[in-house]
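What follows is a pair of complexes built around chain A, which joins chain B in one and chain C in the other.
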Partner chain A sequence: MTIAETMPKPRRNVELLLLMLALSVSIGANALISVDEKTALDTDFWFQSSLLAVAALVFHVVLRFRAKYADPVILPIVVALNGLGLAMIHRLDAPGEDTGNNQLRWTLIAMAVAIAVIWFLKDHRVLRRFTYISLAVSALLLILPLVPGISAGEILGARVWIKLGPMTFQPGEVAKITLAIFFAGYLSSNRDLIMLAGRKIGPLQFPRFKDMGPMITAWLVSIGVLIFQRDLGSSVLFFGLFIVMIYVATSRISWVVIGLALILGGGFVASKVFSHVALRIDGWLNAFTEEVFGRSPGGSGQIVEGLFGMASGGLVGTGLGQGRPNLVPFANSDMIIASFGEELGLIGLFAIVLMYLLLFTRGFRAALGTRDAFGKLLACGLSFAVALQCFVVIGGVTRLIPLTGLTTPFLAAGGSSLLANWIIVGLLLMISHTARGPVDTTPLQPAGAPEAKKPGRAPAAGRPGRNATQTLPDAPTEAVKQL
Partner chain B sequence: MNQAIRHSWIAAVAMFALIFGALSYVQVVGADELKANAWNKRAILQNYCNDRGAILVAGAPIAESVPGSETCKFQRTYTQPELYAGITGYFSKNYGVTGLERAMDGQLAGSSDQQFLDRIGQLFLGNQPKGASVELTIDPKIQKLAYDLIPDGQRGSIVVTDPKTGNILAMVSKPSYNPNLIATQDATKEQAAYNEIIKIPGVNLNQSVSGPTGALLAPGSVFKLVDTTAALDSGKYNADSQLPNPAEMSFPGIQYKLPNYAGGNCYTRNTAGFAFALQQSCNTPFARIALDLGENAIAEQAAKFGWGQELGDQLKVDYQKSSFPKNLDDAGLAQSAIGQRDVRATPLQIALMTSAIANGGVQMAPNLIKAVRSPDLRVLDEPKPAALRTSTTPEIASQITEWMTSVVSEGIGAGAAVPGVQVAGKTGTAELGTDGLNNSWFTGFAPANDPRVSVTIVMQGVDISTGAQLTSPNAKKIFEAVLNK
Partner chain C sequence: MSELTITALRFGFLLLLWVLIFSIVSAMRRDLMIGRKAATGAPTARQVRKNPELAEPPPAPVKQQARQLVVTEGPLKGTTLPLAASPILLGRAQEATLVLEDDYASGRHARLFPQGSRWFIEDLGSTNGTYLADQQLTRALPVDLGVPVRIGKTVIELRP
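Right after this comes the complex of A and B.
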């Protein structure tokens, strides 16, 4: 691990500058659409634009106070993506529809929650205390959509929504965060044990069977989501998240091999046993056959219409508001990438995908920079989850892989997804704050910490002036880290 | 641990590399294929409301864009909808584009390569895009006459061409439909009309092509022209050959017997020359020729007349390829030689065969397009007559013309005779089953010594006498109309 010896710089002014750029892109896109729809720049437009700008600036100011060393690129990227999504959703609203304003409301709520996370949590390491609580919460969140009375029933073939008053909410989106916290907490505590024991077969060292417990748990969760909620996308996401985290915790490629074998095996069996999985795969492989194209539900009409839209966009796109993305079912949610491809062209889409690339790269950078294993695992897992989610969605839309029901982070219409992804942003910002900031030599506030209850087991507590890697109570030894 | 984080990042970047590849493929590399997909409605929606070029016949529009509603500036309208439906096709928002509307879409919409500079101009001057107009070779009087010659309720097709140029002068079929009903901007009416029209037998909106270029019918005795050509071409037969003409032919091992037509004069002779056999349309001489020459010789000659072949790139409308069966036993070959069994031909194919004989053995590419003109009347395209293939030698063509002339002057095609003009013709009656109904054909041209027009008529599902009334006498009316104007 290398830490620059120079004084850490907050770079908040850089963030402010980039934020202005992001806001001008978002608000500019919205203005184009507003002009195009002949409601040219009315009061609604100004009101919505100022709400977004104010929220972004408040976020920025909060970072100045609470996480002033946080990565300066993350917030502007997310604001730009969120703003572009708002503009596109607004553009896709048929007269009388109000998805755009609903998305703006959710954006503000999500940003407020992310701000609250940063403001009250102060330090991500606190979350480690909630390792097993997170597991329980994850289980609860995943079971909720199946509970009669709370469940919103089966919507579009999946049972992932719950009723919240007049709205519906997808608890699975939040579960990916709590699962990441659980995995990070569990693995950072037990990685030594998992790593040191095992049998070597060929070049791979395989874990002991009893250490595979968490792996089996994660697999069961994923398969459970697949079977009971019929949500192929989330199932892949949860399992991918876990594989990456256990790989990072142990540096053992064998986990990845086992994980991929399990997911391929599970996927194969699922495609044989469950019609919804088989339909997805059929709609992917045989998208251009008459029978599959016209089938409803489970046909390929959505994918094929999306492909037509993207093809008509070509290299430079039709221009915002000039295409016909409305021909694609779910143009503002599942297929929003196709809408962007049509109107902004390959160039615009490359810019958007590059923003995601930069976003998760900054997340990985925070994982490299932070000093505690928990923070590393959490940042890495969350960043990888964002990347994997983009891959699953965009790959599905472009027919690279079967289409699943995941949302495009920050762009797609949907409150739960926005909320969850903004919380991820909050967490990444906090982790990057510790990664980029001056070495924090004060121990974690011991109140309530498990270590504090047993003073003898907190070796590092209260001993300042040590090497950074050994400062934190839960930091593993450097020797292990180099494995 | 950091190494593993870097590896995870590389894995994530690798996934994104795949995404970049997939996006590039969909939006650029494979985009043309996706745009051309038949299910893709974007192209039509893109210019649905634009001012599309007119389709013209003798200077008058048969399809044109007229001012439409507030939301959709132009509406496609067909001025003589039923008469030209088989040629124009329709331009529908939800049911696609067919016929010339589809084949000439690039020019009509103004998006063809030839109109590139015009588009640039429109861009800078801010003019509404306007497509080129397409003028057809159709003669409106002949088209109308031919259409009216098919009684309402009767299924049939008529193709009239100029054998020397390949120009199509008239091409009609019944039943027809009104493309205006499907081209309406009112989606509800459009759907209702579509659901009604697809029920009409023979219109086949949901199939790619029907009518003169698409209906695959048993050609019956008009196919004997192929046998005759093959016989003369083989060198085994000449103009003076005497052909065996038994009343019926039997085949070893099966009950089936192939008879001569009972009502004609074939029974009067046990052997016949080509002239007599064609005049009376005797079956057994041609069955004997086919068995003598073999399946391949007949199939090859059929291909030289266009069976199973491409019909050139000036026809523009979709067509079905006619077919001659393979791997026939003797009975099958004998039946195929008289245009029964599994031989199939479109009315247009029969017209092309006759035109090739009329034109000294050279088959001209069928052509519907006279000129394509930009909105400022510049000529963008003006197809020249082009030879499609050589079907036979001038000598054989001339010999067959002589015999075909005698079919009209002395044989069973007498109804097509025009006073003062030598008419060459051949009739055909393909039995559809055992209920006495037939496809009744006439194909011929006039004047025989200097052909200016070929006429092919088929009436489907008629009894013998109705068929006789609706084919040769109608051909006569068309010959008169073309030659006397």
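Right after this comes the complex of A and C.
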């Protein structure tokens, strides 16, 4: 038995291989959109493709240096999704529009920020110190779009943007990360308190009323977002994030019951009181009636045209660049899933949904593997936020639930969303590095090991324990061989 | 470009998408093996319901409850701590329930908590690890009466 067999492998070469495949998907998509036009494979195309490829490879090299044991499939999945989004946005650009290049610029910025997070943060446990600071930052970020002067005003019925020089930015996207950090820090220190006390009613153990404080706060925050920013999607996202994190922390189903009751109650009242919520729900239930279809604002025209687009795509799609997804309003942002449904068909759309699913499972795998409660909760929360966002958007586009204005992670046009999601990827990669690193996956050690170690040694996250290999049992199990 | 080439490229791209997905899944397959290896210890209630053979033999009916925690080795040797219904934090930090004056222990080293009628020990990401009967903890495990738990140079036991 060699030492290499007992050590968890970094598997960075697997990542490089998958990354090549992901890049060929991205660049292939970009090539196909204009394959029978004059502009096919011109210098612009090669310039954009090589920029994306170089950025992805730089990210890969950084992982080799800083997070050697990070999950090898997260980066390829994200690069493939981002590349598909870039190609589709580029394809939907009318002559003279520049959304595609703008998205490429934001992709590069977002990847640079994610690299910086990995390079400078090194260990996610540092974030635990910022528990209450990140609560304050989240509050600030959520209030910013309402402050006159900074606010970009009401765009498309929602007040979620701020002005940043010539650009606009959606601070709510970043707030989901800071909120996840706060929930993870708060719940990992206080879960004993929340978990132990409580009264049992039927099969459920309900928490004490005074432990409900954080949940009431989270509920008020999401109701506030709904009322003042008129943003139904973010409101659902923040509250869903909190319910899941408290459920993961305490494993009490009663929290989910209470949370769902609160959200249904709040949603029912909101649909009676606020016209924008009522219009969304009407546009969902009665999408195909003529008056609802043509109504402005709040008609169902966008959803129905998206459905028609996907229907014309059928099983295999019209082919990239061959369909007419630009007939749908906001085809490159809110409705980009419908655009993919039309041009790649059901088979292609399922591939995209599966990529999200795989990304989500890798996030949870990192949460299972990491040893500290804070890291577990953070990885769960972040990957669930991405999954919930996908559900809300794809469910809305396919008319499973009312359409709300959330962005499709990595695909939709929009810089703030890209930036926030790449930061999430950076954090997940870092957590998976500690989860898959040598300490956690080495088999149980025999006695006598603690004397050999010195106190005050750096947290062993990145360092193989040398004495572990000498005292291992002789025959490796099947599982260890497969490592 | 001819119609045929475009159709070929179209289906080729869908194929490429799924090749990517299947490569990712096959790269992940090895990881699942680690998962199976790591899933030792007590099975969850749901696993037991599905596979009755996983259920541990029920504990002896007249089993004594742990009532105190005793330090049997290390700088604090001889210290006892009565056990109530609340979890116990072990470590060098001042906020710990049992403050260990042990250079080999971390600030927040391990957590001892009751669940049902048993006490469980969980390592809180300590530097030198926590050992239950000479096995390093990788997850929370139940602590039986008289089984030594080693934290640095300190050894504790639960007593009736």
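Here is the rule we use: the second predicted complex is superposed on the first by the 430 of 483 C-alpha atoms of A that agree within 3 Å, B and C clash if a C-alpha of one lies under 4 Å from a C-alpha of the other, contacts with A are read in each partner's own complex, and residues count from 1 in each chain.
In the analysis below, contacts are C-beta pairs under 8 Å (C-beta built on N, C-alpha and C of every residue); 3 or more make two chains touch, one makes a residue touch a chain.
Quantities reported herein were computed from a predicted structural model and do not represent experimental measurements.
By the touch criterion defined above, A:345 reaches both chain B and chain C. Contact with chain B, but none with chain C, is seen for A:380 once the two complexes are overlaid on the shared chain. When the two structures are aligned on the shared chain, A:29 is found in touch with chain C, with no touch to chain B.
In the superposed pair of complexes, A:303 makes contact with neither chain B nor chain C. Between chain B and chain C, more residues of chain A are touched by C.
Contacts of A:356 after superposition on the shared chain: chain B is touched, whereas chain C is not. By the touch criterion defined above, A:249 lies against chain B but remains apart from chain C after alignment on the C-alpha atoms of chain A. Touch criterion not met for A:63: it reaches neither chain B nor chain C.
With both structures placed on the common chain, the touch criterion links A:368 to chain B and to chain C. After overlaying the two complexes on the shared chain, residue contacts for A:232 are found with neither chain B nor chain C. Comparing which residues of chain A touch chain B with which touch chain C, the overlap comprises 345, 361, 368, 373, 483. Chain B contributes residues 1-9, 11-13, 15-16, 18-20, 22-28, 30-32, 34-35, 37, 39-42, 45-46 to its touches with chain A in the complex. Considering their complex, residues 1, 6-7, 9-11, 13-14, 16-21, 23-25, 27-28, 30-31, 33-38, 85-87, 103-104, 113, 123-125, 127-129, 131, 134-136, 138, 150, 152-153 of chain C touch chain A.
Taken in their complex, chain A has these residues touching chain B: 1, 244, 247-251, 288, 293, 304, 307-315, 324, 327, 341, 345-346, 349-350, 353, 356-357, 360-361, 364, 367-368, 373, 376, 380, 383-384, 387-388, 390-391, 394-395, 398-400, 476, 481, 483. Across the interface of their complex, chain C is touched by residues 8, 11, 14, 17-18, 21-22, 24-25, 28-29, 32, 35-36, 72-73, 76-77, 80, 125, 192, 196, 316-317, 319-320, 322, 344-345, 347-348, 351, 354-355, 358, 361-362, 365, 368-369, 371-373, 440-441, 443-447, 449-450, 453, 455-457, 459-460, 477-480, 482-483 of chain A.
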